Every structure is written in structure tokens, then in C-alpha cells.
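Provided herewith is a single structure, encoded as C-alpha cells, for subsequent inquiry.
Naming follows writing order (A, B and C), and every chain is counted from residue 1.
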């Protein structure tokens, strides 16, 4: 693949913005060459009226949405994370509330479907929190403090029938299978 | 007989296909008839077949034996019954097409040409939208969570109870039972007509089982067969007297 | 901004894949118009040797990195590729890919064996999706966009011999018997 294509892919997936130096190390190209290609790419996007744009800040590069679409995107992101939860999300949230800390795998075993997207959505809405358990080499999930307060309780222990439901045999049976 | 490992096939059709392919045969009804004994012998000897899957292996065994019996005793079958063998042949051909496609998919996966998504992280979104990141649904309350959780537990309890569908385990008359029955018939009657024995079967599976039982008894030299001319009635008597 | 630009921006920021209907509601455009623009966009990316690609499955769209950069991105993200598929899973997945939407009964008719467990595992891994068809009172299965991404293709139409296997007459005859 061309350097241009590689740079585009890298900026696209990176969580943080990338410097010329970092990009050079990743692609085995020279920094001035990369700088030149990124300039072309930036112009390409502008000329083509692309929905994406390359922004440069402090020598760091990043792909973002084109500024002309800002209003649309803002509206969309707002709608995406507001409003009621879908039934699958509500169920996942419930299980995390009563059984947290719980791993993604455990949650998926209980729900019977892949939960990557649901977890991401709940995380972004600030309803749950992720914590990496070193000993188990896995992420575990809990409901967030914000959500607990939102429910008007002091902790998950105050959830109705918490003690009984937290220890439910049905769940234990399903989770047992994982081991 | 060729040794098979479970990795080589998955399920009854996979086994059948590996048998056919290892003999370098085409998938035809005649070849299926030829391979029937090998298949049955394999299923009988196999220890690695999941008991829950055994029923499915036996269904294919029954179909194969039906095809075989039809090849051996064509006069017993009317044209309207053609379909059974035709059906297995078609099914196996089609299965083979998908197996070949699955090999190609395996190759594609092995190339590791994964497509990656843009990251959706809080930090990245905050750049676009400066707003508090806690956005709860308005209608959720602790009581709703309780109700939901109870429903989930009820569903789980139901799922845990779910066993194999009953129809999978429908009692089939086994060969041993049939052998006992034939012995009894011969004891009572001295001589039995083969066609009558088959006609007594209430369905195809039972007919196949009867046929197998007769073969088994013949193998054990318990029976004597007499036939006046080709394709005429076969008379069965006991060898024990 | 042009519709093309808006679609590009929306796909880039969305947590989940977007359907033509959702995109239509967001952009006030018609679904067939959007479908046409997305097709052009997909082709543009391919022709320009872009580092990005548009993938499609079951009427859902996503924007991803180009397949040729897979090795580079894997290295960069230090992502672990998900585990091996067993032979039975691969078989079931193949049949669902070529013949989806397909019911459990149809799948079992083709494989000649019960597929409950395999379906459950594929659902948890997110490689297939389940949809309840009201008119037939039965669950139907399709491969997911994650499956498309896993293979690095644009859609199921890019699978080898897709047309032939998707429309196979022998298959139709075998499945006919179920009804």
C-alpha cells in the first residue's frame, strides 16, 4: 500500500493524535516525506469536500470530522447518548448493577449475545465504569457512582432484594460453565 | 477401514463426505449404497460422537441403509419411494459445496485482513461535543432494574431447563429388539417370508432396522435363506433346529 | 455540505453501524439516494487506494480501515486477533454467510446435525445476528458486520462464488422439504 493509505489508516484508528516521528517509526518512512504526504492528504480532503479532515496541532496529526458538518454531528451525538435505553442495554445495565463487578464474557454468557457495543454505549453515557483486573487479565464492569446517585440510593447494596438476587443460583449455574 | 479423527469431519454428513472422498468416489446413490456399511461400522465404533449428536448420525445411517437395501432388493420398492436416496445424494452434494466454500473462508480469515473501526472513546468524543458525559435515561428506576433482573433470572431458569428437543430422542426400535422379535417369529412359525417381515414395519426406519436385523442374524448364521428364483420371495428359516 | 460529506462524517463518529433509514432521518435525504452515494463513496475509496473503506451488511453500513493495511494496524494497535474457529463453527458460519437470513431448521437440514450450541457460540462471539421473524414465528440468522470486518471484505457479495451458492437450486430443493 502507498504511504498515503497507511497514514490515513493509522490516523483513523489512533485514539490520540500522532506526531511525524511516531508515524515515521510506524511506516518506515522519512518525516519530511510524511509531512508532504499529509499535506497532500489534507488538501485532497478539502478539495473533494470530504466529511473527514486532517487537523494539525502542535506537530500532532489527527483525523476528525469536517468542520462544516459540526452542527449535524453534534445533533447526532446528542441523540445517540440521550433518550431511553434499548431493551438489550437495559438488561445489560441491570445485570451489571446486581452482579457487578462482572466481566464482558460473563455478561455475554448470561445474555447469550455479544455485548461489545452495549458496553461501549453504557460507558459513553457514563452509566457504567470499566476496571482492568490485573490478576484475571480482564476488564470488569460496575455501575458508576453517578448512576447510583441517579437512582437515589447510596450503593448497589440498596437495590431492592439485592442480597438475594446477587447470589441467584440461576446466574451461578450459567457462570459456572465459563470456568 | 480408514482411521478418522473428529477434526476431519463435523457431523454425519461430514463423516459421509470424508468416507466418499477417501475412496475417491463421486457422490452417487450407487456409491452411497457401497459406503453404507463402512459408515455404520464407524458410527458403531466411534467413541467420540457426542451422545446428544448420535441421533443425527443414526438418521443418516438409516438413510444409507435404505439406499443399500433398495440397491440390493429393487423389487421391494415402488417408484414413488425413489426420493429418499435422491434426497441424501442431493443433500451431500450441497453440503460438499459449502464445505468447499468454508475452506475458502478459512483461507480468507488466515490472511488476517481485518478491517478496523475508528476508536469511540470518551476523550475523542469530548473534543467534538463539550457536554457532561453522564446522560442517564430518564425512566430508569431501581424498581425497573429489579423487575428486569427478575425477568432475566426467569429466562435463565428456563434456558437451563431446556434439554434436547424431545423429538430428537424419540424411541426408535433398535436392532437388538428386532432380532428378538424375528427369533420369536421363527420360533412360532418355523418359516417366515422376507417381504412380509418388511411389510410389518410401520415406517421406513423400522423397515431398515428389520433389514439390518436380518443381516445381523444371517451373519451370525442363525438363519437359512431360500429363494426359488431371482427376485422371487425369500423364505427364512431358523438354522438352530 | 454535500450528502456524501455528511454520510462520511456520520459513519465516522457513530458508535454503531448505521442503516439507510437512520442515515435518511439524519440527513433528510431519500434512502435510495443515500444508497447510491454510499456506493460511489465505496468505489471512490477503492479507486483512490484510500486507507479507508465502506462495508455493508444486511442494510447496515460502517466505515473502516482498508484491508491492505491490516497488518500495519494490527501491529500499531497491538490488537490480539480473536481465537480460532472450530470446524463445525466455520461450517455453520459459512452456510449462514452464503444463505442468510436462514432459520435454525434450515441450517440443521443442510448440516444434518443439531446446531443449537454452535449458534449460541457464534452469537456470543458477535459473528452472527439473530432476528425474530414475526410472520414465520421463527428466529433467522445473518452474519454480522464484525464477520465482514473479520474477513476483510466489503460485504457478503464479495465471498467466493457468492451468487452461485446463494441461489443454488439443489439447496432450494432440499430446503423445500422442510416446509
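Simple rule for what comes next: a residue touches a chain if its C-beta (ideal position, glycine included) is under 8 Å from a C-beta of that chain, and two chains touch if they have at least 3 such contacts.
None of these values were measured; they are calculated from a predicted model.
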Central chain (distance from its CA mean to the mean of all protein CA atoms): C
Label of the chain whose CA centroid is most distant from the centroid of subunit B: A
Centre-to-centre distance between subunit C and subunit A (centres being mean Cα positions), rounded to whole Å: 21
Subunit A and subunit B: spacing of chain centres that average the CA atoms, whole Å: 44
Separation of subunit B from subunit C, taking each centre as the mean of its C-alpha atoms, in whole Å: 30
Shared interface positions of subunit A, touching two or more other chains: 9, 12-14, 63, 65, 73, 77, 112, 120, 124
Touching two or more other chains - residues of subunit B: 116-118, 120, 125, 128
Complex interface listing, subunit A residues touching subunit C: 1-2, 4-10, 12-14, 26-27, 49-52, 63, 65-66, 68-69, 72-73, 76-77, 80, 108-109, 112-114, 116-117, 120-121, 124
Subunit B residues touching subunit A - in the complex, by the definition given at the top: 116-125, 127-129, 131-146, 148-150, 152-153, 156-157, 159-160
Sites on subunit A touched by subunit B in the complex: 9, 12-16, 63-65, 70, 73-74, 77-78, 81-85, 90-91, 93-95, 97-98, 110, 112, 120, 123-127, 144, 146-147, 150-153, 158-161, 165, 168, 170-171, 173-174
Complex contact set, residues of subunit B against subunit C: 7, 9-14, 52-53, 56, 59-60, 87, 90-91, 93-95, 97-99, 101-102, 104-106, 108-109, 111-118, 120, 125, 128, 164, 168
